[in-house]
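So that we are looking at the same thing, I have put the structure below in structure tokens.
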């Protein structure tokens, strides 16, 4: 019964999400929503990685903006300065980010809890400073990054980029969903549950931590590449330490223990920032702060879990009402 | 580097380190008692500094009472923040509570940019005792720097005594070691959490009012100050006040000497990189020992 | 139940805090964020919409706020005078938070949803660079309020982009010319690591040889730094005759203070036009006494000789602004917005009725480019197809801060 | 000694100055139920932790089926066939009962990230085996009807059974049970000893640490007694009960 409610609600969410996704980019939606949806897609990709790492494996990273940025900068520099094919640039960026994550993963995951948090934060600060110092363009960043294209078909409008980014995003979501419900996914959740117990049943804790870290960094790198090729401009400020914090906010707001929660988390944070609060001028950040607090106070497990439990509650209410109706019908 | 210069770098590092240390103390207390990383800690500092300027310049209150009042208001804000935002979130996990503190930080920043008459401009409250720098061991030191270092050391000692010799202090410590056992002997962890937040806000307020004359303050200064304080606290291992202050000093002196040691024209450009690398090295070297300790307990 | 009581309490608290803020604003006479078009006797024509994306919060909000105020003030003035050819002027202002990605979404929103005719902003170079691609493909004119020269160079790739503020190319030669005339050769540079600082630092190094100057030390600091004693100690060790500091308010004020602390009294201190505002002088206090700053003429509007072509516009803008926002509140950042919005208004005045949106945008762009000589607060502009800034020399004064006032340094 | 599945020689562990396990030599016979008893602080759990590799030994050697174990990681030892339960149970609270046991199958399955990401046929095949096996172990401990429940929603007795099932799911040759009887009522204890016998009958050697003497004496075929880190006696249950050193060790303690 429980399982079936879960399944049903699952499909309904995914189907409605897909319908919404298909509807949004067309003309009856105001044009710039496409732009915002592209950003949501990109942010979702970074957030999914963090959900896997923080929500499933229980390992925090406050430096994800670094990997997001490394992806973006590799893509930008390779495709603009060295005139590489953007797809190739994106691939190299992902491999480089993965390799970097792998190399630092082993030492850094000897740390736990808030030491891990501060170490990843430090990593983020270092990489951020180096972007401003060593990368071409310095603090002003790189402009004129070429679009991605397939054959002669260039992703040069937001409408086209929308499908590109959400295509990527859905693949990332599905892959992550598959992993979570597999042998590897159970190993990750076991590490979250108890590292000692996980070791005792033959799970190589260190290796799994590093593997999932590498995967989530590759997601971030892909997202960064997409950002670079969509915005045509990147600068270090898009990858500052605060961005890492915001990624964590998105993951927690959506619901850490669910892959699809990432869509909600990224969605609400991006929408708040880029659209919903625009009319409030200088009050914008006050309201933003308030909303962050309120969501976490009243939906501590995130939007997704809240929606799920609300759905179940509503369903219960409906069943009770129907039962009452039937009973009354029987009486008369 | 001449000897005079070395002293100058060292004292400069000590001054910055004191700032990081006292901000870090707030992190340590809240973390020890509640396991929350309080992202609003830097905002307490900002509020302390901004309020002191407001009370002195706009409300015309004399220096000493204005400073005390600023700290008191910050304390009240800290307590309210705990009661309204942290305590009401009963079923929230630590991660969710950390996000709440992020929300609170954004909220405080927004409020500070909005309610003060100077809006988003930078401000500088008056120096406590003039601006004529003092020659000291071949270096020149701003009188306010002595205030900053002195306050940090005094606060550290007081905090240490408080935690060691008072009932409340001991209860806080017990709660930090094990909330479950503490509650078994009748210590209410929620009261302890309230005290921790109040103390942290007080520390933030104090650091804010002491540093603002030298470092200047604007509504957006909080985040980066908080970050450095967090780093100082983690070098100290989130343990005792003394360890945290040593952590702060280490960070400050490393930053300062990174500028002083000449290895090319761009040294100062990389000082934060150097400081963060040192932090990483300290954490990694210590990680082996930390793991061992964890198994012991 | 207790929870809801608590929340009721917070809500009251927040509302009262906001009310305090509101009262504070009223005292300053601040208006609602978006001005409503004045109702005039003539039938109201469709409003001309102009977008503005400014740093209202974030690290450079001290730039964005005066720009916002200026834009609101000008819209009110235009509408009070009956609008532009009968069309009310509506300025739609959004906050970029200093975030370049948000700047791009805002520009898209202004172009596609608000359907504005032209855009003012962003306040900073990084964000300005980020929106160039979007405005170019969407074909809408934008007047940036940011400093970097790269915003309008190379001009063939910046067809739709203009800017008003002086760049380091107008300012640093002024400083170096002075240094040369005073026989000063040993100069140290200290700059922040942001776009503004890096641009200044680079040009300081590049131009040094032309003026016979040796750069004896080159230090930088980060936005978050709380003390520059270390950097200044290093500089002091190299014995410069003058220090050039290239940064914004906070860092610059700390540099000045720390130089005093180190008793480097005989070293001249030059700063950038990034600190040409009242808050810097107020926050710097006695520490910034004697600092020399090249900036536009706006700060010394009264001292500008009567025969200077800019005199009239400087005084009138200053008086209008300070009448609303208080005496001494003027700074050059608001002036940048004044010049930029003036260009757009001038173009709108010449615009024929009944153009399509795309044609209207193209018309405004052409009109700005063909404007000829324009006398603004930032100087005498002469925009051409080859130069989308159009500032020559002679638009900059050297100021010295004396007793907390901007004094013309001769 | 060909019959011993596990052997330690001079095994010691010191924490700082405290010697928790002091030169223990012992041999555990294949296919038998061996109990390790001793007063509190005797070093029983530390010994378990040394055998399973939670921490490295200070000195001495461990052999598993004649092969040295000392350099192997904890997870490798599990793969080699040493499973354990914990005193404080340590179930995975973020999973269902069934998933807990499926996780136990980790070392007996191979497919990784790549196969799971793209749901390759290998993943399907193995996943099927895993869930079949998991159900088997679940039924073995009699928790079949709770499969979809959250693991921590079970009462303590069933949680302990689940922990044993999870350990068995690694298909071990030797299973170490750390105080399986603590906190159980008489009925549950009876079920437990029954289960332990069945485990033995599956050909799995069992070592258990237990305080409940009747339980130990009822099922253990060999008993090893530790006191302050040293092995002070071993033998059959009957022999141990008469050993004066053992009696002294227990009488020295104020507890029962």
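The letters A, B, C and D name the chains in turn, as written, and every chain counts its residues from 1.
Criterion: a residue touches a chain if its C-beta (ideal position, glycine included) is under 8 Å from a C-beta of that chain, and two chains touch if they have at least 3 such contacts.
As the structure is a computational prediction, the values presented were derived from the model and not from experiment.
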Chain whose averaged C-alpha position falls nearest the assembly-wide average: A
Centroid comparison with chain A (C-alpha atoms), farthest chain: D
Inter-centroid spacing, chain B versus chain A (mean Cα positions, whole Å): 32
Where chain B and chain D are represented by their mean Cα positions, the distance between them in whole Å: 47
Rounded Å distance between chain A and chain D, as computed from the means of their C-alpha atoms: 40
Whole-Å gap separating chain A and chain C, where each centre is the average of the chain's CA atoms: 36
Touching two or more other chains - residue numbers and ranges from chain A: 129, 133, 282-286, 290
Two or more partner chains touched - positions in chain C: 18, 57, 193, 222
Chain D, residues touching no fewer than two other chains: 54
Chain A partner contacts - residues on chain C that touch it in the complex: 14, 18, 33, 56-57, 93-95, 97-102, 104-106, 108-109, 111-113, 125-126, 129-134, 137, 148, 150, 157, 193-195, 197-199, 222
Chain B partner contacts - residues on chain C that touch it in the complex: 3, 6-7, 9-10, 13, 17-18, 20-21, 24, 27-28, 57-59, 61-62, 65, 193, 217-224, 226-227, 229-231, 233-234, 237, 249-250, 253-254, 257-258, 260-263, 277, 279-280, 282-287
Chain B - residues contacting chain A, complex: 31, 37, 39, 85, 88-89, 91-93, 95-97, 99-100, 102-111, 113-114, 223, 227, 230-231, 234, 238, 266, 269-270, 272-273, 276-277, 279-280, 283-284, 287-288, 290-291, 294
Contact set on chain B toward chain C in their complex: 1-2, 5, 8-9, 11-13, 15-16, 19, 80, 83-84, 88, 110-111, 113-124, 131, 133, 140-142, 211, 214-216, 218, 220, 224-225, 227-228, 255-257, 259-260, 265-269, 271-272
Complex contacts: residues of chain A adjacent to chain D: 2-3, 175, 178-179, 181-187, 189-190, 192-194, 196-205, 211, 215, 257
